[in-house]
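The two complexes that follow have subunit A in common; it is paired with subunit B in the first and with subunit C in the second.
After this line comes the complex of A and B, so read on.
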């Protein structure tokens, strides 16, 4: 199993300055944050898909396809229990099925899926080293930036480790598929301790190895790769600024909101 | 005290690369010291091997050499460590990195970058080296470890041996005075081990000062000195020929006695041999008649035959098994395999060859793309892994993947509780298996506070409590010292004698030679060999092709036209003929 998402494709997005890529991630989060309406969320979603096509990142989107589907589907369902506005389309106990609750739930689901999509896109086109450099250029301390970027790299490793631990418990007769939804979720608690211990050991070993390789000697380490600012970075920066402004305007003018109905 | 130490340091010879004086260290959570008044010197260009049982203080000593002890670990540190003429206690860990390069056992945890060149550059970037200088050092460092041309490869795509060589390149780039390698080959397959040891030999020839911590004694015969640690003190510091012939001391310290030396001892010749050739010459000098024995057509000095089939269906029958993790990664291709009751089978092959994937099919964690796996006549595909845990048990390579309870007792009781056994039955089973693995006294301890060897035994006990008919062990001795390995294997042998079939996935030739009765070799997802251990070790071409080496004793026996798997068997054979 590949433990990182970065795909070395060499497209112009891959070659953008790390700071621009970090800003791009921020702008995608920013845009998604301001609006709730699925229609309003559509342009940024299409933009992400276009960049995914451009950068050859489909493989990673395919890898996480179930997460996207589950996010949209379950969020839409869950909001039927909590969103009580609008005329009910059908009368059901506990559940409020109205045009408003469906649109609101779908909007929330798309929002979460787009946040995931932005992260996948960013990690597909940005090396962890670039992430650190990008954060440092934006004023984040090197140690903090490195820790954040390393965390992104470690998440897939921990998932891998958790899957092995689930297998190990299954092989001692522990049935994760027994009982209802909540019982099944409760049964996964047994995995927490080994995953936590395994993560601690790994983090400890990694911290030692980092220190032994001189990590922390300087607050501004040099870099092997030079990251010059190119015209494409300026164009990308302006485009991102336009997207961020556009989405703020959608929010400000009220077009991004959902009207109960 | 300080003054005495300082005057001792002042008298250090000019060619000393490393000087450790009166170092005593206690970990914060431990009542007693891990190192006790330890002193040693290393000359420039010298290679020192440090050996000893788990807990003897080897890794602690290594960490003292780059300030991880006490800066990272905390605790009480006394004494002085000098690198050349510089006192180490005046440096931070990151400053010491330029003087002492450290390579750890866990190669996954010491790679942080997304390409080989960035990995090598990491330490240089940290010390603030100019870009031009980094570029100038990059190529020689990669050439030194044989990874030139790999600059843009993702480190996670490298083999274990390549990853460890990359870790060495990344410390070489800083051009440290000393390189410390803390069990660098423990997690590697034979090919990876050979790569790393060849690199160590090359670095030694180039004049690097090396400190190598290892369990594998055969590979350290060419060190200048071997330092034997026992309970935090140095009990021997001498050339290999002297240390490796002191069997009583080695056994007391839990260190593997080299097989060749054992043979010479059993034959009454004594002395030390650091290669098969040397041992052969020593033997034929004493028993000239043996020179006439030809290496052709070896006679196997076989072990007990496999238990005869009882007429019942085999425990496991694998037919035409193929499996792919993705479209491009074919993990298994057309595997056929039978496992009978009472079998003791070793599955060998390089890392990534498909051994664990095969085992996961047997226990039901994976389902075949093609072919089928039958468990006592039933199609495995129709049975869930949790359902058959009482029939087929699997012990993971890393025991920490299994352990989840707060006490050893609860950990062992986990399986029987899942199957709803009553309290009395659970108590009976737990007591029985903890007794068998020698951990009954530790029943109330937190398993995570036990040693790796003990945790491994807890993992075995926790599956044995279900009384399986087949036990699959994935690298059961990785990370254990020799004494723990012997103890673990004695337990496995006893279980096999009691009727449990054993499948052992391993990279360790002597384990195969001494314990298994049958070997299956897998390479790139295909089964290349399935036969007795003697037949396996007689196939030179196959062994060379699969990067698996016979133990030195077996290779020595081949020179006489025999095929012995243990020192005792070879010595007896020679005595009979000489």
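After this line comes the complex of A and C, so read on.
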């Protein structure tokens, strides 16, 4: 089971400094956060699609296609229950359908889909080690960064181990889909315990290996790979600043808001 | 709470943190039993892992739970609300062992008697409610999703896993980890809990804070209670302002309780 989204395409976005990529993710979140109106959310959506085209990330977007659709649909429906404003088109005890609630719900759905799109783009163009370098440059302790990157690296190993156990149990005739909701959950005990025990066996050896290599002796260890700041990083940084400022101005001038109606 | 900072100095705890995170994410990503709200959350057997790890690895499990959830979010779509998800999972891994230090009486957390089971349920319930409060409050503050939606589903989700799966995993794993001297008390014996009176006061504050936040969050986000002392524009959907004003102090109270423990 492939869980890594990184696509080694070598585009200029892939080559950007890790800190710029982490800031880019933040700018996408920031920009999307300020506006509610679906129309105001369109430009950043188009920008993300352009970056997806540029970086060859369509494969990952295709992988998440149903998730995008379900996210927009479910979010729009949910806000019909909670956004009880505007002239009602349909007004039931729990559901309040008005132009305002529909536009608001759709806006929230698009917003969440764009946030998902931003994280898919980030993961399609950023390696785990780049992510931790980016965090370290932003002031996160290298021990925390190490724990994050180690965890990222261990996940596929543990998933493989879990899938092997699932297959072995199925071969013995164990049915994970049998029974009610809680019975089905309980059946995963037979998977989790072996995975847990094999993980613990690794922990001791890993700690000894790390200590033998001097982990934790210095607060600012040197790194094998250096990431110099290039002119493309400056251009990308300025572009991101312009997007962040632009979206704040859309909010500030009121163009990003919706009116209950 | 000091343990959350001190654990980063201990290499073994850093490794246990990464292992807890990877285990959580490894079960989180592929095994989703039933979608509770499509595209938003699903019944996840993985939610049993932070509880188990909390009793075993203490503060390392708290960080592991937060990092594991972050990794899971990256594969299911990140959003600004995930910052709250990070801290919500941190407390989901922190509260069980902290509460157990006070009510456990030095016994194993594996429930073997009705009293032991009651204590176990109490510890898990406190953790689940605070986790749900933080996500519901945070998402509603950012006007992404209403409190009532996630605030209740997360409690159900966490408690289902903690009741159906965790006791079985704990029963199998806890004696082995204790024998291998890998419990957090063995790895970091310097982590001593504060005086009992402070811890009891902490639990009381935690209960009042998180219980009040849960009740108010539900009432405000559904519009069943419209505080007359707030101006109308503050009470308007998506209720982010009224939740910010009324629920935030209760969340702070819960954290004050946690700090005392």
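The criterion applied here is as follows: the second predicted complex is superposed on the first by the 182 of 261 C-alpha atoms of A that agree within 3 Å, B and C clash if a C-alpha of one lies under 4 Å from a C-alpha of the other, contacts with A are read in each partner's own complex, and residues count from 1 in each chain.
Rule of thumb we're sticking to: a residue touches a chain if its C-beta (ideal position, glycine included) is under 8 Å from a C-beta of that chain, and two chains touch if they have at least 3 such contacts.
Note that the structure is predicted; figures quoted are calculated from it, not measured.
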Please indicate which partner A:206 is in contact with in the superposed arrangement: first for subunit B, second for subunit C, both, or neither. both
First (subunit B), second (subunit C), both or neither touched by A:46: neither
Counting only touches as set out at the top, which of subunit B and subunit C does A:54 meet: first, second, both, neither? neither
Kindly classify A:229 by the partners it touches after superposition: subunit B alone (first), subunit C alone (second), both, or neither? neither
Once the structures are superposed on A, label A:218 by its partner contacts, choosing first (subunit B), second (subunit C), both or neither. first
Residues of subunit A touched by subunit B versus by subunit C: which partner has the larger set? C
By the touch definition at the top of the document, which applies to A:238: first (subunit B), second (subunit C), both, or neither? neither
Have a look at where A:127 lands relative to subunit B and subunit C in the superposition and call it first, second, both or neither. first
Contact-wise, after the overlay, does A:249 reach subunit B, subunit C, both or neither (first, second, both, neither)? neither
Using the touch definition from the top, say if A:169 reaches subunit B (first), subunit C (second), both or neither. first
Can you give me the overlap between the subunit B contact set and the subunit C contact set on subunit A? 1, 3, 150, 153, 157, 161, 191, 193, 197, 202, 206-207, 210-211, 215-216
Touching residues of subunit A toward subunit C in the complex: what are they? 1, 3, 5, 25, 29, 33, 36, 64, 67, 70-71, 73-75, 78-79, 81-85, 104, 108, 111-112, 115-116, 118-120, 122-123, 141, 143-144, 146-148, 150-155, 157-159, 161-163, 181-182, 184-186, 188-189, 191-193, 195-197, 199-200, 202-204, 206-207, 210-211, 215-216
Could you please specify the touching residues of subunit A with respect to subunit B in the complex? 1-4, 6, 8, 127-129, 150, 153, 157, 161, 164-165, 167-177, 190-191, 193-194, 197-198, 201-202, 205-218, 220-226
Please name which positions on subunit C make contact with subunit A in the complex. 8-9, 11-12, 14-19, 21-23, 25-27, 29-31, 33-34, 37-40, 43, 45, 48-49, 52, 63-64, 67-68, 70-71, 73-80, 142-146, 148-149, 160-161, 164-165, 168-169, 172-173, 176-177, 180, 182, 221-223, 236-239
In the complex with subunit A, residue positions of subunit B that touch it: 63, 66, 68, 71-72, 92-95, 97-98, 102, 104, 106, 108-110, 112-115, 117-118, 121-131, 134-135, 138, 152, 154, 156, 170-171, 174, 325, 360, 363, 365, 384-387, 389-390, 393-394, 396, 398, 400-404, 414-415, 418-419, 448, 462-463, 466
